[in-house]
Amino acid sequence: MASAYSQNELMIAAAARELQGARVAFVGVGLPNIVCNLAQRSHSPALELVYEAGVFGAHPARLPLSIGDPTIVTGSASTMGMSDLFQFYLQRGLIDVGFLGAAQIDRFGNINTTVIGNYANPRVRLPGSGGAAEIAVLCRRILVITRLSKRAFPPRVDFITSPGHLDGGDARAKLNVPGGGPEAVITDLCILRFADDTREMLVTSLHPNVTREQVQANIGWDVRFADEVATTPVPTARELELIRLELDPQGLYSR
Amino acid sequence: MPQVTTLHHAIRDLVHDGDTVAIEGFTHLICFAAAHEIIRQRKRDLTLCRLTPDMIYDQMIAAGVCKKLVFSYAGNPGVGSLQAFRRAVEKGEPRPLELDEYSHFGLVARYIAGAARLPFYPLNSYTGSDLPKVNPNLRQIQSPFGDDKIHVVPPLNPDVAILHAQRADENGNTQIWGLAGVQKEAAFASKRVIVVVEELVAASVIRADPNRTLIPGLIVDAVVVEPWGAHPSYVQGAYDRDNAFYVEWDTISRETATLNAWLDEWVYGLADRAAYVQKMRDRLEQLRPGDAFAAPINYGEYK
Amino acid sequence: MPQVTTLHHAIRDLVHDGDTVAIEGFTHLICFAAAHEIIRQRKRDLTLCRLTPDMIYDQMIAAGVCKKLVFSYAGNPGVGSLQAFRRAVEKGEPRPLELDEYSHFGLVARYIAGAARLPFYPLNSYTGSDLPKVNPNLRQIQSPFGDDKIHVVPPLNPDVAILHAQRADENGNTQIWGLAGVQKEAAFASKRVIVVVEELVAASVIRADPNRTLIPGLIVDAVVVEPWGAHPSYVQGAYDRDNAFYVEWDTISRETATLNAWLDEWVYGLADRAAYVQKMRDRLEQLRPGDAFAAPINYGEYK
Amino acid sequence: MASAYSQNELMIAAAARELQGARVAFVGVGLPNIVCNLAQRSHSPALELVYEAGVFGAHPARLPLSIGDPTIVTGSASTMGMSDLFQFYLQRGLIDVGFLGAAQIDRFGNINTTVIGNYANPRVRLPGSGGAAEIAVLCRRILVITRLSKRAFPPRVDFITSPGHLDGGDARAKLNVPGGGPEAVITDLCILRFADDTREMLVTSLHPNVTREQVQANIGWDVRFADEVATTPVPTARELELIRLELDPQGLYSR
């Protein structure tokens, strides 16, 4: 297999590595789905996948086509109604990591999947919360995966669907939001984390051959860089094989 | 006692213009057969409730059936946007669409409150989200047992719920396996219930495994048998999701003209679900899964 | 990951003096094996939670294990009174017993709130009853959506839940059929969970029927295998209730002396549950039910 | 089969007849259990039996030994956890009739199964509510079966476990208690119903060969009699056969 990789493949592999050591991940729709399945098939075979559709301990035989695909049910540890899933798993505090996508995410990690523009009269109507609002509130850690662009990274989102660190600093803690909030944002150009004090996003890792200028050009505010900016490790041959042969042979997510 | 009847009769008699209707099923067991019959009978001014409006309500919105949407995620799962939904919200076509919007957990909680006849249901969500700013049904109250505050939502009690399932007996006792979504809660929450099943079975089959009965006949008004009635969504153990169709819908629905042509061909132009299944036959047969049987368990005979 | 271990070790390591302990099971799946082990290890000052204290807590009260009871029906079901419970309440023998009393629905609601980590749970009960007068945990609040008032109860979060079930795998994923009572809610509500099963099965058996898994291994600390561990209560499909024993208990428990003699012979005098089963063998074999199998259903293989 | 019958058999058969026309009955512990099973096996085969243990549509193959007997599960229409049973069946308002026993019941149909004497320091500690408190609050109709005695029928119960008509008149409606409250009390000597206005118990039917004096001697207040007092029909041969051969061959409830 060729060792060349696409930026999406790098992003997916880097995101999956964030799940190392996690026990239970709540899997969001879209990119998070391939990321969590890659983690389970590579370095984290014991990772328990939870789908809001009502599944704990999924071992999908194929990449689920949606987050309610029958393949997440067959062979799972437990399949239940959504009432139990939301109350006894998520609200109970059993989920280590929630993995979300984002149409817009701002400098404090607040996520918008509701509207671009005004709520009552939107320029673009997005799908809405799904389970993201409560995942963002209740999971201990939140990881976000989305492609970097000025449109997706405005200084302030038009609508907070899923709260991140709100206005930054201790805003989230002051409101008694239970979970720890966003921890990392994995993009196709870099990885961003949140400053301990201000809770503002910082670039902590650049993907190989990506410059600071490229990153800044795709973010809607003057982005800060960590004191030490790492270079994101490239995907391993095994990761690429899993993505290309098992998870996304059509390349819908990864080309 | 429920009637075992046709979808034509069930929709004609139990769904009225202006009703609040929930066709539920979370990615699984989505009763497209009922949606098409509602479109075909040109019902109007419906308030449609569903966690995920999905293609099914996209079609109903495009057909002009829907006045208001109660929902929590309006996307084409795994594909992208719902085009008819967006045209209705962004441009008011073919008619303006009122929105009553939640997160999944919030709407699940509304169904639980409705099913349990509670005046509200508490959930730990929404703190810091803008959703409560645009929906007065998301309120925060104080616990009487300490300092905790908690959000609450009001009950949802549709006039009619339409629920697809694997099987029922003629008394309406209905069994589901795989993802149950909110089928049970939506059924108990609603004033009238239509159950659409892949298979009608003897009461003895249901009673041989009573733990799988999620909807009792007691609350069911009509039982309809429609094999493949959930296509292009899926039924655990019976058929797979027709993913290609979900992708095709993105193209079909981009223009009003192509969408209407599709409705003409596949809904208005067909007499009933049997005609749809006949026309779709070759495609359907490819959706059969392999077998994965649950081992039988023993309830024991106690005389 | 839970440990597969012996009851001796599970009780020794996970149940501490002063703990709040729930051994649940509504008439079904009552883990007498665990109760006897707790008595044998002379645990003290436990707060015992159970909808129906029943014979199992009557024995624990008589043995001096219990300081406080959280309950909703303290009778010998189908027989009459619980004598040791009554002596403790009416005469303070062998020690005074604090009571925290609910109705069934109220205690079910406390477990739900505990499992869902809610600050309270609403239920429509108690209006006109004197129970709220004697229990400050039964309060009435106002709905924010109208004039409705509703009673609420606070969460119950035991230190340990001990739950009997038909089967589990070594990862602690646990399946129950027949009456589920509050086994699921008690498990999710508790800080530690001991599951006691009739049979340890391969993970593939559990995963072949995931809708029957009520307790995920994620919340289980110990899995113990004790066939007949629920005797004289029953396990659906495995054995019947030993009704004669429930009747005998009425006689055994009427006098402290006969009750203590019974504890000496059947609890203190035996090393473990295996010895009890050995000594009870002839009686147990008569409790096997006939067969009544649920037909296998197909989950489908989706590759 | 002999046509002679015991007073208990008459009581059970008379109680069962109150269920004619009912669709769904919530079955209480003890005597109500045999009564509801007799109704299903005789005149009301379509009667759906609901057990608080978590069963809807039970068809017990034997008289259940307790209200959680495995025989109520096998062959039932639906078996579920108690959370669903209480919330979606009882609280949902699906139950026509709740059938209860009573240690004490007073002139307004309030039921005590908690304590004789003072709650904190009781003379006799009774089992408590079980599901009776909510059954009494939520079922459309309440039927009670208990043997007549001065101890069991005091003018005022020591403790209201399960609310009846409270202080009588419109007291129950004023408090917005949802269900209709007690409708009939079936005893071994007579049947009592409740006056439309005062909601006080009245004797409406005497069992054969029972006198008004006998009834009064076993009630703790000056009991009123309806304008027309009927004579309770005797059990039919079929009812006696069902009780003696199928439901209670040992005569635990019926001798």
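Labels A, B, C and D are assigned to the chains in the order they are written; within every chain, residues are numbered from 1.
Criterion: a residue touches a chain if its C-beta (ideal position, glycine included) is under 8 Å from a C-beta of that chain, and two chains touch if they have at least 3 such contacts.
What you see is a predicted model, and the numbers here were worked out from it, not measured in a lab.
Ranked by distance of CA centroids from chain A, the top chain is D. Note: centroid distance chain B to chain D, computed from Cα atoms, is 41 Å. Taking the mean of the C-alpha atoms as each chain's centre, chain B and chain C sit 37 Å apart.
Chain C and chain D have Cα centroids lying 28 Å from one another. Among the residues of chain D, those touching two or more other chains are numbered 55, 69-70, 73-75, 79-80, 87, 91. Within chain B, residues 112, 117-118, 123-124, 177-178, 180, 184-185, 208, 211, 236, 240, 289, 292, 299-303 each touch two or more of the remaining chains.
Pairwise chain contacts present here: A-B, A-C, B-C, B-D, C-D [touch as defined]. Chain A meets chain C in the complex at residues 23-24, 48, 55-57, 59, 61-62, 69-71, 73-80, 84, 87-88, 91-94. Chain contact summary for the complex, chain D toward chain C: residues 29-30, 52-55, 65-70, 73-75, 79-83, 86-87, 90-91, 114, 119-120, 122-134, 136-138, 159-163, 166, 172, 175-178. Those residues of chain C that touch chain A in the shared complex are 112, 115-118, 171, 173, 184, 188, 203, 206-208, 210-211, 213-214, 216-219, 299-303.
On the side of chain B, the complex with chain C involves touching residues 117-124, 137, 139, 141, 143-146, 148, 150, 152, 154, 166, 177-178, 180, 205, 208-209, 211-212, 236-238, 240, 289-303. Touching chain A in their complex are the following residues of chain B: 26-28, 51-52, 71-75, 77-78, 81-82, 85-86, 89-90, 101-106, 108, 112, 123-131, 134, 149, 177-185, 234, 236, 240-241, 243, 246, 289, 292.
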